[in-house]
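Naming follows writing order (A, B, C, D, E and F), and every chain is counted from residue 1.
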Amino acid sequence: MSESLAITKFSDLANPTRFLALAARILPWMAAVTAILFAVGLYMSFSTEGDYQQGQTVKIMYIHVPAAWLSMMCYTVMALSAIGTLVWRHPLADVSHKAAAPLGAAFTLIALATGSLWGKPMWGTWWVWDARLTSVFILFLMYLGLIALNRAMDDPSRAARVSAILILVGFVNIPIMKFSVDWWNTLHQPASVIRMGGSTIDAEFLWPLLVMALAFTLLFFTLHVMAMRNEIWRRRVTAQRRMAARLAGRDNVR
Amino acid sequence: MTHTFYITTAYAVTAIVTLCLIFWVWLDGRARQKELAELEASGIRRRSAQTKPEPAPGGQA
Amino acid sequence: MRLIAENLSARRGEDLLFQGISFALEAGECLILTGRNGSGKSTLLRVIAGLLRQETGKVTWHSAKAESDMRAAEACHYLGHRNAMKAELTVAENLSFWKSLFGDFEGGRGMSVGEAAEAVGLGGIAHLPFGYLSAGQQRRMAFAKLLVSHRPVWILDEPTAALDVTAEEVFTTLIKAHLAEGGIVLAATHQPLGLEDARELKMVGFAGVMEEVW
Amino acid sequence: MTALLLRDLKLSVRAGGGALIGVLFFITVVAVIPFGVGPDLNLLSRIGPAIVWIGALLSSLLGLDRMFQTDREDGSLDLLLMQEHPLVLTVLVKCLAHWIGNGLPLVIASPLLGLFMNMNEVAIGATMLTLLVGTPALTFIGAVGAAVAVALPRGGLLVSILVLPLAVPVLIFGVGASYAAVEDPAPFMPPFLILVAITMFFAVLGPLGAALALRNAND
Amino acid sequence: MTALLLRDLKLSVRAGGGALIGVLFFITVVAVIPFGVGPDLNLLSRIGPAIVWIGALLSSLLGLDRMFQTDREDGSLDLLLMQEHPLVLTVLVKCLAHWIGNGLPLVIASPLLGLFMNMNEVAIGATMLTLLVGTPALTFIGAVGAAVAVALPRGGLLVSILVLPLAVPVLIFGVGASYAAVEDPAPFMPPFLILVAITMFFAVLGPLGAALALRNAND
Amino acid sequence: MRLIAENLSARRGEDLLFQGISFALEAGECLILTGRNGSGKSTLLRVIAGLLRQETGKVTWHSAKAESDMRAAEACHYLGHRNAMKAELTVAENLSFWKSLFGDFEGGRGMSVGEAAEAVGLGGIAHLPFGYLSAGQQRRMAFAKLLVSHRPVWILDEPTAALDVTAEEVFTTLIKAHLAEGGIVLAATHQPLGLEDARELKMVGFAGVMEEVW
């Protein structure tokens, strides 16, 4: 029977520490590359002439489409991290999906905003309840719900596990959503709504798009690493504060 | 037909959102580092840092 | 019949509360947890009951009839700080719900609802809604829950907190009877329970930060 | 398990409120819509099934967050978690009890509201049938939210936020099937069968997710 | 008293982002509606004000019952009851804090939802105005319910019976006034003034009733 | 300064719990309530604090400065079973909220928040959210609430329930200091508080049904 539960030594090579070291090393590079890609991408997108069937507004595509892609990729990243949380109970996975949620919400917001700004000249209205738009909107709501959930719980590892469950349930729901919204829309949708995409895009538009997409993706990963690092620090702070409380209680009681 | 208004607003919105995001993440990091430094200053530090000296948490931003 | 805990450690929030706790309890043995407020007594009990996940170690239950890989929780009754009774239902309804949900364990037999209420000294009032009882009476009825269905291990978290002297005696008698029948009791208390040959485990709390995660 | 079902049903009658506030709110929602649409009976009867479904969806939100909360507060949840019955089964039974206490009254009240909305018999019947099949799915989805909320200081609104996006497919196919029953070209069976499939799917996924969340959220 | 106001506001921000959650819920509820009634923009804009009002009612219903409950559970309510300030004032301040924390964000978010529902500017403005005037009434009515619920284990039933019927007139006149602003024949002022009167009436009756209930319910 | 209770009686549910309870406490005096579970200690304290309506009798507060018809409740601090602190706010926020809401009574002066935290032995951690503290620390901080604003009468319901020994000593010291300054203390306990010259009132519970109503 162990009588004394003294403070013991422990190995200080915990994973988050290594992550922090790695992050400190690669972040400047990532940031630099992101900036360069954005410069190139923006230059390319403004130098191509809007000669497409949609006129100048095609320029919106260069931000709209990458943002839309990222909004979905971010959820995938979160779902993978959620599996990491639930299956391997890896602390970095907790941090990863918690840090990704606000980023995902922001990119989704960009996709929604630029989409409606594109929609007004193209369709003549800011918003239609079209299948794709609606699913993006629902995705946005799911991000916000997850953020709210994370904020509402103060025990971080419990919050991480619980929101991982929700992320996965939501991930399963997304295909159903997509399917049902398509079905719903074929029933009710007025035929006049212009459908997105369709014609294949010329190389002239493809290149800026790809560069911008790459830039956005890198931006996402840079921010994600930074946000993860912040989250690790935040946990360190709370852990140390709690420890201070523990020790204070101890000293005084003695 | 040009739709400068929509294009500029779209780019502006994107710029604002991304910049806000970047600043938020950055400021958050700064605040956390400051808190860590304060804790360090008041003598509370990670156990690992006590037993075995370690570079200040985090390194550069 | 043995309850074996090996090398248990657990966290609450982020800090490690205890580590390396091991013990083995045979039939008829009793282990009392003592220690300061916040030293992790309740946490240890909840870990043993399978309600909190331990950080390391395991709790196992061995008996002639049990399969080897049995969750210890299934052999346990847990009486926590909260009574697990519904204020809207009568005492009898509450007790018979738990009786039929729990069933009996490995051939043992629980008392009937009436007998159990009698045993904790409140025979006449099982027809009252649970919410009408005073705090002490509620605690006694929560204890009666342990009697209506048989479980070899009782896990009791401050069973006598805020009880008066007579009620404490009743509880001690019941615990002794359970031990005499070959049961196992784990209890956390601040006050002595009056059990003579109980082993004691003193918790000190805050074992520090084992392999600090962050 | 029957004991649990009976206890939960007893509680939902004694501790009350659940069924009644749901039905009251349901009636309120359905009664307010005509204000917006005006007294145009044709239009009313056209949007009728949709409104009834939306009303049912919203009112099933009302009691949801308390599904596991009360059990947690008095400590019963701990004991339920300790039992050897698979936790999924326990959750399923609790869902069932919750549906009988809160969902079924809505289904039963729906024909009345159909009359309010000037729907014809077929539409009323179809709506009732789709509600009967669809509301369990809402309960199952809600169980996940309720299990997540168990650890929250103020569950209520958050649960609904988490649950509503997941409930969209149910709403879509429920309304779709109700319309298909009335409008000739569209066949009733496909959407209805999809609705059934969704319910079955969530009958598995919901309790699984909720059980997982309960295990993790409890402390 | 300012201390109480500030504390309650702080709590509504800290305890899981009160305002954020309320607004999110509101948005979610309104966003779900088109899935029911379909993407027909005309229809949506017609039922828009009603939907926005229902959303507001629902989200204030969902959070209301906890208004005094949390204070009671941790014992603060006892200490508040012991103070020499008139209890009505205390309740009024708590209502105010609750409205600022939960009602006002809804009012502020409503234009956005108006856009989703494809409502025109006048309708959006009118809905916002009526919400601004009407939601305090919901809070005051809710306060009575919350106070009654504080002590009763089986409060649920009573609260719903009490609160919803009282809230329905608010809803009706709120929606009515919003429509009157858009549709020409109907004048805006009469229903709006009635709404104002109802709010004033409940601003007096609500805290009085709640204070009375608290005094008697506490044990 | 005197707190006078005359001929108090009170009901809980339908039964009369006690009747004819009278006492007068002068400055510096302390009254300890003891008795079995459910004998009505908490009920009596809540009646005195004005939180429950008594059946007969009255509680009055007399002092040089007070008007004669003053509610006794306003001169009292009440520390019940629950701590009346918000887990979401920090300790300092909690304490300063109560400080500014309570104000001070008849010229007395409460300590500052920092001093009060210091007095209960938890000086360094007033910046932590209350919810982070352990149960014992929480109880101490709830006690600190009595120090931040001045009230001559302290009504304490099992102040030391589930506390460990050291914390009990801290409380006893603080209570003695309050009495020495001319305060009045009413406390219900199961364990002795270690106050030498305290008067004791033994509650017996269930006084029967006075002038039956039905």
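General remarks:
We take it that a contact is a pair of C-beta atoms (placed from the backbone, for glycine too) under 8 Å apart; a residue touches a chain by one contact, two chains touch by 3 or more.
Treat the numbers as computed from the prediction; the structure is a model and nothing was measured.
Counting hops only between chains that touch, chain C reaches chain D in a minimum of 1. Both chain C and chain E are touched by A, D, F.
Rounded to the nearest 5, the angle that brings the Cα atoms of chain C onto chain F is 180°.
Set side by side, A-F and A-D show the greater C-beta contact count at A-D. Taken over every residue number at the interface, the positions common to chain D and chain E amount to over half, indicating a same-residue contact. A straight line joining the Cα centres of chain A and chain E is 34 Å long. Centre-to-centre, using mean CA coordinates, chain E is 37 Å away from chain F.
Distance between chain centres (mean CA atoms), chain A to chain B: 16 Å.
For chain F, residues that reach two or more other chains under the stated contact definition are 87-88, 132, 134, 136-137, 164, 166-167.
Touching of two or more other chains is recorded for residues 7, 10, 12, 14, 138, 141, 144-145, 148, 152-153, 155, 184, 187, 236, 241-244, 249, 253 of chain A. Looking at chain B, one finds that residues 46-48 touch two or more other chains.
Listed in rising order, the residues of chain F touching chain E in the complex are 12, 46, 49-52, 71, 73-74, 76, 78, 80-89, 93, 97-98, 100-102. Listed in rising order, the residues of chain A touching chain D in the complex are 86, 138, 141-142, 144-145, 148-149, 152-153, 155, 158, 161-163, 165-166, 168-170, 172-173, 176-177, 179-181, 183-184, 187.
Listing the residues of chain D that touch chain A in their complex gives 144, 148, 151-154, 158, 161-162, 164-166, 168-169, 172-173, 176, 179, 186, 191, 194, 198, 201, 205, 209, 212-213, 216-217, 219. Those residues of chain C that touch chain F in the complex are listed here as 13, 36-38, 132, 134-137, 158, 161-164, 166-167, 190.
Remark: chain A residues 125-130, 134, 137-138, 141, 144-145, 148, 151-153, 184-185, 187-190 touch chain E in the complex.
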